[in-house]
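A short worksheet on the structure shown next.
To keep things simple, chains are lettered A, B, C and D as they appear, and every chain counts its residues starting from 1.
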Amino acid sequence: MEIGFIGLGAMGAGIARNLIKGGHQVTAWNRSPGPLETIKRDGAKAAATPADAMKGEMVFSMLANDAALEHVGFAGPLLKEAAPGLIHINMATISLPLARRLAEAHASAKIGYVACPVFGRPDAAAAAQLQLIAGGDAKLIEKVRPVLEPLGRRLVIAGDKPEQANLFKITGNFMTAVSIETYGEAIALLRKGGVDVEAFYGLMSEMYYSGSIHKLYGRIIADEKYDPPGFKLKHGYKDAGLALESAKLFEAPLPLAGLVHDHFLEAMAAGQGDKDWALIADMAAKRAGLK
Amino acid sequence: MEIGFIGLGAMGAGIARNLIKGGHQVTAWNRSPGPLETIKRDGAKAAATPADAMKGEMVFSMLANDAALEHVGFAGPLLKEAAPGLIHINMATISLPLARRLAEAHASAKIGYVACPVFGRPDAAAAAQLQLIAGGDAKLIEKVRPVLEPLGRRLVIAGDKPEQANLFKITGNFMTAVSIETYGEAIALLRKGGVDVEAFYGLMSEMYYSGSIHKLYGRIIADEKYDPPGFKLKHGYKDAGLALESAKLFEAPLPLAGLVHDHFLEAMAAGQGDKDWALIADMAAKRAGLK
Amino acid sequence: MEIGFIGLGAMGAGIARNLIKGGHQVTAWNRSPGPLETIKRDGAKAAATPADAMKGEMVFSMLANDAALEHVGFAGPLLKEAAPGLIHINMATISLPLARRLAEAHASAKIGYVACPVFGRPDAAAAAQLQLIAGGDAKLIEKVRPVLEPLGRRLVIAGDKPEQANLFKITGNFMTAVSIETYGEAIALLRKGGVDVEAFYGLMSEMYYSGSIHKLYGRIIADEKYDPPGFKLKHGYKDAGLALESAKLFEAPLPLAGLVHDHFLEAMAAGQGDKDWALIADMAAKRAGLK
Amino acid sequence: MEIGFIGLGAMGAGIARNLIKGGHQVTAWNRSPGPLETIKRDGAKAAATPADAMKGEMVFSMLANDAALEHVGFAGPLLKEAAPGLIHINMATISLPLARRLAEAHASAKIGYVACPVFGRPDAAAAAQLQLIAGGDAKLIEKVRPVLEPLGRRLVIAGDKPEQANLFKITGNFMTAVSIETYGEAIALLRKGGVDVEAFYGLMSEMYYSGSIHKLYGRIIADEKYDPPGFKLKHGYKDAGLALESAKLFEAPLPLAGLVHDHFLEAMAAGQGDKDWALIADMAAKRAGLK
């Protein structure tokens, strides 16, 4: 199948490569030229402009944030360049207001639109082990399913509106941020009380909190190792902001998100945005007078 | 071994029975007579007073709360009744101030004292599947280990002060309460946004939050089934209070505990103390205008 | 002096009328025609378009919110219509991001720009009893001072950037919102405890909280009279949002604003946006089980 | 009248002296001898034991906290020493649980009991300028009114239960703590935005927040002068704890108290308990990266 691909960051490059491996003819575009050169060696065609990537049957986009999608033109001008029948599969984690605007823009341009944000880091993208969360018209999703499924371990359907996939992803990230804060406060208290933190982490990891999030972040917090970052605090701060923006849009208060957002903001004010976002656990330790 | 046992509630009765099965000679006391009759049929001797249960090599206590321990006399008078060399193993979830006071009282009465609160519900107690968290002098713990280990799946050492086992347990409960609140806020938001909650719960339960706490409470919240209670809200409220009291004692702020405690308190004011403590998720739904 | 005036809502109409009384020749524009007819009878000229109001020495604007300013064109197109030497005095309570954007747009269009939001309700505007908060280049402010001062009781200089006047105003509103929440929580507690609320309000109003905010809102809360609204909850909700947006922009966490914002949002979800914003006190009463 | 007086701290000494000036015969007791010597020179008799101060028509107590009242024996043993018909007027700021217990103890000992906590600092006590908040049986209060009124500017009746006076006082202190936090967050934001803080404080002090609390604490925060303390942070922390304890007892959540209490606790963990309690404003500044 002829597939355009816009955005070759660490995530996008891995996904695009898997599309090529899957036998698709990929025409890729990226703002900076380096990743384009690399993917050409893997068999992709390089698009000179985003518009050149809009000429196949599908176009994937994996851009960094709302601003990048606006800049490339997905909220309007770029859609005029689309081949008839094109379906756009948008994998970025974006805000709900933009999600809604994109759905409207595609509808009025009569372009198929599926939101498909993912859970997983670049290594999972490269290994086709992502969790793919799709939102949009059920028939459209069935149409793209054969292309999407090989990119991950699992394709989950959030709902029949694209924005519902974005909300699913944002809500998942909200839970992670609160889980980090929770473990951070817990471990600060245990340390002040002289409890064996490894014994606590061990029991929690085997039984009550044996899922991947608590295992990963409990370990990081017990080791107090916030650098180099696995996921930067400034991005976690952005994601907490997306949760609060969603809370406003759907009128569903998230007091926990407000609390965690404030801690991220405090870290930003202290110039810690490039540390791992689990650094908020370190701040809990400081509030307890541990440092 | 000759073992006293004080407190035959749903938890205590199961543990006492397992001690009998393990070949120990158990002398049990309980405030109300019913459970005493039952355990006698299983082979225990009934003590007429708490003091009668203090005459063996060890005495276990599994009482409901601080007040019950004070009432029976463990903070003072009862200790005078102890046989020489007696070791007291206290399994209750109690406050840190009392934990500290009990340790001092036993030390001055020269009675061995091990705190050993447990994670697990009555069925786990009956099936000897508890997680046992021990705190106290290392030599004492080694001495009671052969008696303790058969009562559960695992014996974890929190530290060499009894209170550290209590803090371990309280901190674990704090994490559970926040996890419930988190899932509750998340699901309220998803519902307002029309996302498929089962799809969300399914992915979270398989991957990111596959530990027992999130599986259990995510299910309850998705089903909105807060009655009959698995664990009563009024007890969750008490536990959140124990966390806040610990935060004060060790000077380690727990803003998340404050937030969750307020929600429990609001439920108490509404007369909902006998519902399942996951009811705070229902309150998140109401704040979102879902009811 | 020849002065344009854009936006004849309850606040704007009163201010414009005072400019006329002060001997200025006012050319007014308003989206809906009714207020224009009224102000014509008071001696103003009616402008057919916003551009027609940009032809004098100064133009005042008093629009409802960010969107209205954008719509009229103050962030760009309208500025091209300005007479040489025009100074724009913007009295609206707007967001910091827009405040910053407006300052830039005026600078590049070489149009003088003074932000001058006000404290006070329509009756204060009509009676020239407003508190005027000016921000902008000191020389510009001195130039407009003779026109501004007669409109209020006092002209306060926030700083030499226009946005600083907006931040001053937003921060003042933040303090009011928290003061309402504080009195609301306090009175709910007093009621549950059976304390004489009038005695409490009386002492506080005479001594410790004798300022106008606590007097006004303490009275409303003691009387539980949230309808008709003096200031609508949905506007208070917007203002709390402006505070949080400012907190992000300047990286200065406002946990109190987050807490109050959540309560406003809960009221919005319950369809209470048109009640007085002191309704959040009623929610404190409900959380205490009083209703 | 023959009046006992127990507790000659900075507050108590001033009040006792005014009783002497009012023509009463005062028999005073204090734990440490220094203040007793001083008051003897002013005309009081020194009591050798607290019991010696229980022999007149009334006994005032002004002790530091719950523990001091318990220690002296007001919850039990001391009451047996009371002369027939004695009325106890308790001026301390105590917890609600103790307030309730004292009322019961006095009732069963058939001793009149009026709670009369005060607002005001030592200089106000000395100058008979206190605000006196009385709670208790209306007839009893009328009986002691002629003795109480000359001690302050105003006698306010909180309700017919003694605890209601304590709740009145605790609630007032809660409002002060939140007001400090509010001003602290506000000024931190203004500073980050470069707004003229004096201009803000000036307007607020003249108009919206012209009551004594905001004037006093706004000044301290604008000056960043937290040492020497006017009121120590550790006492503010205790008072926030009393508010939270009252919230529990009456089942009326105080989320603002939880937030402020956490900030006090953080300051305690940092060893700042002897600074002025307005130091929490400094912490807001730090969270904003200002230091």
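Following the convention adopted for this analysis, a residue touches a chain if its C-beta (ideal position, glycine included) is under 8 Å from a C-beta of that chain, and two chains touch if they have at least 3 such contacts.
These numbers were taken from a predicted model, which means no experiment stands behind them.
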Of all other chains, the one whose Cα centre sits farthest from chain D: A
Selected pair, greater C-beta contact count between A-B and B-D: A-B
Approximate Å spacing (C-alpha centroids) for the pair chain B, chain C: 53
Inter-centroid spacing, chain B versus chain A (mean Cα positions, whole Å): 38
Residue list for chain B, restricted to those that touch at least two other chains: 247, 251-255, 259, 266, 269, 287-289
Residues of chain C defined as touching chain D within the complex: 96, 119, 131, 133, 154, 156-159, 161, 163-164, 167-168, 171-172, 174-176, 178-179, 181-183, 185-186, 188-196, 199-200, 202-204, 207-214, 243, 246-247, 250-257, 259, 284, 287-290
For the chain C and chain A complex, residues of the former touching the latter: 241, 247-248, 251-255, 258-259, 261-262, 265-266, 268-269
In the complex with chain A, residue positions of chain D that touch it: 266, 269-271, 287-289
